[in-house]
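Order of writing sets the labels: A, B and C. Residues in every chain begin at 1.
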């Protein structure tokens, strides 16, 4: 593999002096396949399933370290690939077993598809190398672009502008306007950012006293519905972890919350489930769990 | 007499190539010079190899659907000083990869390209459109998504005369066809 | 060895002459190629007679204080025919947009236009010059770059009697004033 083909290099990785946390500039990688191929070539491995399972940990470390620098769209791509890789790795670690149920079959299919997509991507990347070589050659050739000799200039047919004054002005307006990328604005979809992790923190703080509290009073300071939702999701999360007990005597009635874990249990993992996901929704939570529960701390490559 | 006629034809072809500002198709030359296209094509090939043989400062190359004179690569460093700014903007890795997908799969939708590259390609496609290297041509009957193709300028910029000059993908990846055709019908 | 050196020198001289738009003095070539002026002059004469002898489509002639390539007289009719029939009467979109920038921002340098349009505009500016729609008038005191203005012919084509009759851009583009004032002070 041509290492220079990857847009990311080892120099993108480093430990920040301040917090000692491991930082990675994932934006230097054009997506999960680019990152995967770079990792594989870094280890001088050929693209095989074994190579994939070998670089899985590093791949996941990259994503974890990337943190907020990924937008949701990018993160999804990376996480989907990470989940499949983990699956692949698990399959290699476990003694080979027969395919038992449909989930296993689905996992196998996902693995094959990932493998095939990676190979396909690599093929196109090699084609891109071909294009690059040609571009380089061509950039060293210059075409003759000089003014017409005066005696021929007179032979030019009379020029047609083909537009009226108004259309011409519109063209000018378009031309002098700074190039703003044409994009459908999604800003209206982004109601203020709400972090479920943050709300879990608030809940822990308030509940750790031990007294039973109603959900109503726990959300009395919330100013938006989204905050209430975030707090509720955080509550469910704490419940799954056995940190709180929930009691609701009648349907749609008051929800009573009580802290059941040890008082000083800061439960550092609790926030990991959401890990700064700004859009608390089901599927993402599940995928984040795959990564978070793996429990690996990022480490320098 | 044949030699003299050829010499005149060669000179005329050379003179026209000398003033054009885009690649000229052999057919256009044939029409202008009132000769058979096949004869012009023959002359073009002869000229190109003559320039090679004489190791001239310029070369004659097929570019896109026509032919055009260029300076020989070897002299690039001398020529560069005379060629003004802005012409050497290189394509990024993302742009080249996206172009490769479009070139091989055209006409192709944005989402197909995105699936192959594993990232959103909206920004790159916009850049390639604005630089005239790809164009939108019709839309996918199933998804309604715009279909993208490479342009003449793409061929010219890369010194290719047709996309058929691209290397075969198959040796790079035995299975690529089956995988790709699978995900083209979601 | 001398022959090989000469061949490289000849090629380099040829390549430079190929891309320049104005006559090049032998002294300039000599400096650029790091050889004695007398040697370059010798090469230029040798090239000129080689073109004669080979009866090429172009000739090399002293012009003003330098040397320049021209199409050979003999083929003028073919070139003229190409220019008359092969050229589009209508301006391309790129040329039209560049013309619009010149019209509204004049006097303006090529590099400013290039910055506004985001692409090299050398080729289109040449087209607009040769079509008589823009003209060079003075140069930018800071950068020394030539300043371009629109011509009488341009006004005529749009049916205006003065540039001040061009419609105001502001209503077309709410932010245009800030944009214009902003980018007039780079």
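In this section, a contact is a pair of C-beta atoms (placed from the backbone, for glycine too) under 8 Å apart; a residue touches a chain by one contact, two chains touch by 3 or more.
Because the structure is a prediction, the values reported are computed rather than measured.
When chain centres are taken as C-alpha averages, the shortest distance to the whole-protein C-alpha average belongs to B. Farthest chain from chain C (centres taken as the mean of C-alpha atoms): A.
Computed centre separation for the pair chain A/chain B is 36 angstrom, with centres defined by C-alpha atoms.
A separation of 24 Å divides the Cα centre of chain B from that of chain C. Each chain gets one centre point, the mean of its Cα atoms, and the points for chain A and chain C are 48 Å apart. In chain B, 18-19, 21, 58, 69, 71-72, 79, 83, 130 are the positions where the chain touches two or more neighbouring chains simultaneously. For chain A, residues that reach two or more other chains under the stated contact definition are 142, 144-145, 148-149, 152, 179.
By the touch criterion stated above, chain B contacts chain C in their complex at residues 7-8, 10-21, 24, 28, 32-33, 55-58, 69, 71-72, 74-75, 78-79, 81-87, 130-131. Put simply, chain A touches chain B in their complex at residues 5, 7, 30-34, 73-74, 77, 81, 113, 116-117, 119-128, 130-132, 134-135, 137-145, 148-149, 152, 179, 181-183. Those residues of chain A whose C-beta lies close enough to touch chain C in the complex are 142, 144-149, 151-153, 155-166, 168-179.
For chain C in complex with chain A, the residues that touch the partner chain are 15, 18-21, 70-71, 76, 79-80, 83-84, 87, 89-91, 96-101, 103-105, 116-118, 122-123, 126, 129-133, 157-160, 165-167, 169, 172-173, 175-176, 179-180, 183.
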